[in-house]
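These notes open a run of structures that come right after.
Shared between the two complexes below is chain A, which pairs with chain B and chain C, respectively.
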Partner chain A sequence: MTASVLGRVVATERRPNTPHEFHFWTALDAPVGVGTIVRVESTRPVNGVLPSVYGVVTEGFGYTDLQTPLHDVLGADGVPGSSASAPTERTEIRLYTAAVLRQVPEEPLQPVPIGTVHLATEADVQAALRMDTYVQGSDARGIPVGAYRSGGTDAAVHLDADFLLGPEAAHLAISGVSGLATKTSAVQWLLASIFTHLPARKGKVAAVCFNVKGPDLCFIDRPATRLDPADRALYDALGVPAEPFAQVRYFAPWHARGTHLATLRTHDALADSVTPLTWGLRETLQYAEVLLSREDIDAKADALIDFIKERVVDQRFEDKLLEGAHEVRAFADLERWFRELLQGMEAANQEQWRTHHIATIRKVRNRLGNISTRCKGLVTDDGTVSDLPFGAFEDRAVYVVDVAQLEEDAQDLVFARIISQLREHLEKRALGVEQVVVFVDELNKYAPSDGADTYVRQMLLDIAERGRYLGLVLFGAQQFRSQVHRRVVGNSGTQLFGRMDADELATPGYQTLAPATKARLATLEKGQLMVRHPHFGQPIFVRFPRPAVLTGREGVEQFPPAEVPTLEMAVTKTLRRLDASITVGQVQDILALAGDDEEAILRARNVTLLKRPDNVLAFFSKQLRKRVAPEVVGGRGPAPLRAPATDDEYG
Partner chain B sequence: MRLLHLSDLHLGFRQYQRQTPLGINQREADVAQAFARAVDRILELAPDLIVIGGDVFHTVRPTNTAILHAFRQFGRLVHGLPETPIVIAAGNHDMPRSTESACILRLFEQGFAPRADGASPILVADRAPRRLQFPRLGVSVLAVPDLPPGSVELTPDPEARYNVLVLHGEVQGVLPAAGGDDRAAAQIPVAEVTRAGWDYVALGHYHVTTRVADHVWYAGSLDYTSTNPWGELREERVAGRAGKGMIERDLRTGVQVVHPLAPTRPLLDLPAVDGSGRTAGELDAAIASAVAAVPGGIDGAILRLVLRDVPRHVARELDHAALREVQRRALHFHLDVRRPESVRREATGGAPGRRPTLTDALREALAARALPADVPREALVALGLRYLEDAERDEGDRLVPGGEG
Partner chain C sequence: MRAAIRALRAAGVGVGAAGAPLELRPAFDDAAPRVEPVTPLEGDRLAVRVVPGAPEPGIRAFLDGIQRSQVVTHIGAVPLVHGAVAAAVRRREARQLRTWGEARRREALVLPVAALEPTLVGALGAVIPLVDTTAGEPTPPSGHPQDLAARALTAVQRMREAEELALLAAWVAEGDGPLLVDGGISGSPEGARADAVIGVVKSHRTLYAAPAELPLVLGLREGERTTAVTLHSPRRNPVASWYLRLRDPGARSPLFGLVRVEVAPTGDLTARADAVSRWVLAERAPSALPDPRWDVMVYGIRECEEYLTAILPR
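Let's look at the complex of A and B:
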């Protein structure tokens, strides 16, 4: 036995070796445990080649020659402490079961031969995980996911970019209990790794991350306050710079009040870096089904909504029931259109209009009109659009969309529209990058395995199944993998597991794991993951470094959110992003023009921010001017008095 | 397409103490009569469109008498010109400053029977601007009441054949300077009203008929209804205008006529009398002479006579009985006695002496000034002194701008 020999393969009738599993024993002090990768060397050639077998330990057993526990009691005279003074030590064995990762040569596939077992070296790990096919050479495309550490061996574990980002396979699902900072941290680390290691020939890549809770992703452009030497060593070993993301663009809708953005990144020093996310009628109506429940909207209502989308919105629309031509470009226009149409129908005593019944029209008006209220801050009445830069996405940039403070409906709308837009642009190859990683946390909420078939779930299923051809890659995180739709999880080429809940491990999805592996999964430390990847014959345990970015919790401590501003201060702060010389006094003077019309003021601010004019104050002031809609005098038949009820001061 | 532009009616305006036999303030009656005369003239002219640039009433809550009068006169227009729309943009005197008060002008929009086409004969923009399209006339009228400058997008209607802007407010640089930069925020930049696309801009607020640009005009008031009628009179003189009027403009040809309106009573600023070195008796004679020289007599007129450089003790000795007689005959006689400049002690501590007057200083300066050979010095000095005299006479009036209302 040489010094490098760790153990010997054993096979008995009761425990035979198979092509997929073998057993070996080791010395009692052998540095081996569940997850250790080993190499078996046989001295018997097959077809003239000495086979090598790589395996990963999945189970361990230890026992002695005791027939029953009672024999040990008798040997120690019933005193547990006296066993140390026993004249001889009992024979003891460490027996391990390993799952085969790879056999070399691959053919013929035979049971694992009897041979010596060695700890895997770095090269062995590469070979065992088939990384040698994609980590070196001219077609190198390995993405480090972490470091394998066992028995003194440190080896980088790489994922195959073709199987992580497509086109061979794609998507990543990460599961783990909440509160251990594993899921978000792992995704941040993996994104940094992708940005560093994805070869240029694979095209440009960007990431869109939805921040669905608290400040999780709000400070990923800021360096971490503390990074242990061990973490730095891991960064060095894996060839990823320990730096925060260089290019991060933040997007957040306005708060329902409209004065400030609905995000926790509102500290004065950082607020400039958040771009408002607002959509108008056209953008919203396209995804109306996300917000309208099936119970509410039947075929008749659907037909009317389609009619509005195709024939009314964004074009000149005339009808004999309407007083004049309408150009519906915003929710406010649509409301005017509905109001005038219904008034016209009532005046003409009509119950049907272009096959639509008046009750259907009222219902659709009510449901559509609700949208801008339910999604206040995101959906604007006036049609102001401030969006992600579809078509001008930048390479290695992260686009964080903060929806944490939005209502559930509005969050659904954000997912649906952004992901659909990404897909549409990628289909046309017009996004600005060839691949986009979309990170969605709480996937069990958006693509649940049971419950109603929602638009968002349909869309996530579609991405999971077709996204890899487009370059649209889903990184989904969830606490309970078993509660995510099977087709979403099943289409994830790569799966990461942090510490798992024991109940979750008892579900059928984890049946293939050995009890020891499950036990380890249930006790994984922070910074450890179990990785499943198409190239890896078995799940592998790796360590990954803490992300080199400020965590959400540290971020809000270092950059506490600003207090809710007054209207004047809110407008001043926003306009100062365009012209630092603007004073509160100047803004107050201009606001006097609008009087109490807070909505008009916020609308003017939004347009100014969007247009970024040279003369900010002049442009802002101009937006506050009342635009006077024309009234045709004498266009109708005789009427008793001009709308006496509407301007009666007594109501 | 003929448009008639009038403005600043100030119905209900009251001034002085004199009353009519029915107990109504005489000036209020005068102003009402001026409007009635204007309506007579409008009925003769029969324009296609009438626009009123605001300040129909002098106060936000006019008297019943004023409301009834306005109703009758507008009724005459509505019935006399059944095809002619009347557009009113409320002025600062019409607009309530609190939300609990409504603008009385809306009564006229809702108080007359609609025309055959369903439209009100009178259309009022009070709380908000209105863009009124008259397809039959091919004209679109943007009527803007007295709102903070810059609060309304003043753009023409691209679909209209003719575009008319009716606006109540102060256009920058048009009114005589009374104040300074602090008024800038309340003024409308000239460029806002002279931009291309408007066929006519009918302004209200300034009481003197004034051209801002070829197609941009203040029609002026129908009577002297500002707080300082003498200033208003002076500004008319400076502008080369004689009295009040209305503007008629043909939008098709651009031809424009200012129709003068006869004054309800004379408003006369008599030539000033220099009282320096004169006795009270001499001044009494000068006053009598000035009053006697008024063509047509002073009965019912509104008069002012400025006496310059009259010390207080001399003023006390004037013949007040004679003055009371003048006041009785005239509707109002304002004897404006101005004392000479005070004697002061020099700050250097020298002997007290009379401070040189501006006239002295000008005379000395012109006497010492180097002149070209062909300019006679005496003529220059005389011209300079005459200019100074004119300026001093106007100075008192300028302290309060005349035509703003």
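Let's look at the complex of A and C:
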């Protein structure tokens, strides 16, 4: 037993032990540091039981028997090098402060007794973090978050699924500086861990990840190119297969030009796996307030928009000021409706129409008409809708929504609508899965602690406060936790911290951490995290493996985005997703019929893609004919179909 | 101390707050400074010699002892003193000091047995070891409380010396290199004969030199020593001794940085005194600060004292 003794608890009047903190000294070469978990053994029974105390080192001190540095200067005659040759080294102490993780028995809660200090074993780590209550047994629900490593002890650290995904607590907030905190990697790893370890009895789970910058999440279905043996050992130890996500569906809006998707995952080998994300008037109008500022929408404008939503869109609408009946199903239809209405009012010399003033009508027309321009690629004029499979979400699937190339307004619209749809479907228990993890990066931007009260922030607050009852779980990442709305981070049951900025650590939110813990946070290596979880009495440091997926940067190197295609190539590529035999030549022949009406061509392509007909070319051609009146020039017959070029790479 | 208090309470004796240790009371340390002539062993008269060569580590271990004497209570005018002593050898290995063997510790209630009720003495003796301050003394105690306390202090000093001597004898028998002892070694028959034992005396209430030779001793400069002499003391064992200046006194007391070294008077004394002086000079670093005697105390002895303070019976 003596051999395993790491140190000894000490207490003085000036530095007493308390029920939540104690001090111990060790040999100079003891394998202990900030974050090490230790166990105190007392020899004095309390109520007939020998107490055990588990603690985590939060601070370390080292000093010698010198009273002042001046004494060392005097002793060395002012020559720094001379003390190195002294035949004896000064007596030196390593004194550590540890925060209590758990006392066994828990009652009576007493100051930590004087006793021997031991490095925590794997079993001790489980007991110290109260994981023994949820990692084993019939109700096991532990989700490995990483490995605790210190002094030769290697122990898996599990989160409680009931406190990570609900219903007891939920949500996760991960903070750290860009590039070094490995926030995205940590979330990818944790999702893999959840998918592997969440018991089937807890229901189906899926993840919706918003890719908000670069190619971060664009290749998570591809295997990592570099996973070293240490990473693989961690995967083995934590019981998670070192494999990319098996089921990933990518969604991206069209580029504003409409020829290609606005994503970096456009390499020919991968492009088929990205589904267009497009919404029409009805989908957009529900969230009009996301796109319209408070200054834009006063009570009068709001009333008109409500009227349009309830009485005009998706139904037959007649009015004496209009030339005929309208069926407004797309932005183009709405524009026609506005135009006729205003013309009718002018003709009748009317300033009011159904209590709405002409100025209000003009203003709303302007603002709504603007939306399809501001969100071009996402919002279609023609009402084509291509959406996430709400209602048919699959278990253990990741739905990546790439909004990195969208304007800020359009990003807000995507967040608002997808999250609202998720919530509505979860409320009805009709999503396809019982729990959805929504990963949002850059919470500093979307849920800031100050600034305007935006729709997106309200929605994130709503998830944070009520999502756990629905199974809607927010995994938010941010560089500065102090600048995220306190109710968003405050409602996160689990908090992860990667390498932190020193200025951020100086903010009040971190004042409960010891200086040494802060110093460690400021210098954390990649792949290390500090974890706060409801069961853990104190923050714990863990190590997690690199995600077994291709990183965004490697992904774009391995699968460089395709060149911006010509219209013909863009249509061909898209249609080839439905029928691989389609050639550029065939498409060119059909496009010749459409003349220069690029919008009509793209509309036809979108409808074809959405309908997935058996005869793709015929359907596509029919769509074009619907829109474009055949124009016979000079009485010539239709141009003969061109034979496919022999060097056509798609032929 | 706690054991003594428990013993007294068990015997029905009231115990008040303990006073300051007797070692700190100036009345008990009032011997007059003096000068004693010596007989040269190196050359025919006392001379100054620069220690040749650079200081070099040669000491293997350090021996020191500490004591604490506190009046626990009085029975009438008789002080009952709790004495606690400890001694240890701290052996150096890889520049770290570790206790060699076991440290020696002892505590006792020190009192004049003849001046107390036999039943009380019996009751106390059943709980804690007793040391009789009158045993073996040539003159009976005067009954003056300070005289009784002074005798108790002497008894505790003897307790400490006994522990130090026991450790010194053990090192001579089993130790593995030069041992630096805090204080003289002439009181130890084994130490005074062993080549491996070096005594370093820090206090100079008695200066060993003829009055005419005093300027030589007090004028030593850093790194200089006097030639070796032998001390005259019928109750002590013969040793060779010399003064060595560890630190330049500048304008400070002429005793600043001055130590007296004692070794067994064997072999080539000049070569031996030079070598030992180099060893002692090497021990100036690290300094013994913040000990007030840092100018004459080597760090090994200070560290030993700190260790003993931590383990001294309380």
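Definition applied: the second predicted complex is superposed on the first by the 613 of 651 C-alpha atoms of A that agree within 3 Å, B and C clash if a C-alpha of one lies under 4 Å from a C-alpha of the other, contacts with A are read in each partner's own complex, and residues count from 1 in each chain.
The working rule: a contact is a pair of C-beta atoms (placed from the backbone, for glycine too) under 8 Å apart; a residue touches a chain by one contact, two chains touch by 3 or more.
Given the structure is predicted, the values throughout are model-derived calculations rather than measurements.
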Touched partner set for A:T68, first chain B, second chain C, both or neither: second
Touching partner for A:G179 - first (chain B), second (chain C), both, neither: neither
First (chain B), second (chain C), both or neither touched by A:G152: neither
Touched partner set for A:L593, first chain B, second chain C, both or neither: first
Chain B versus chain C as contact partner of A:E89, first or second or both or neither: second
Chain A: partner with more touched residues, chain B or chain C: B
Partner chain C, residues of chain A touching it in the complex: 65-68, 71-72, 74-76, 82-83, 85-91
Contacting residues of chain B [partner chain A, same complex]: 85, 100, 102, 106, 109-110, 114-120, 123, 128-136, 140, 142, 147-148, 150-154, 157, 159, 185
Chain C to chain A touching residues, read off their complex: 57, 59, 92, 95-97, 282-290, 294, 299-300, 302-303, 306
Residues of chain A that touch chain B when the two form their complex: 589, 592-594, 621-622, 624-642, 644, 647, 649
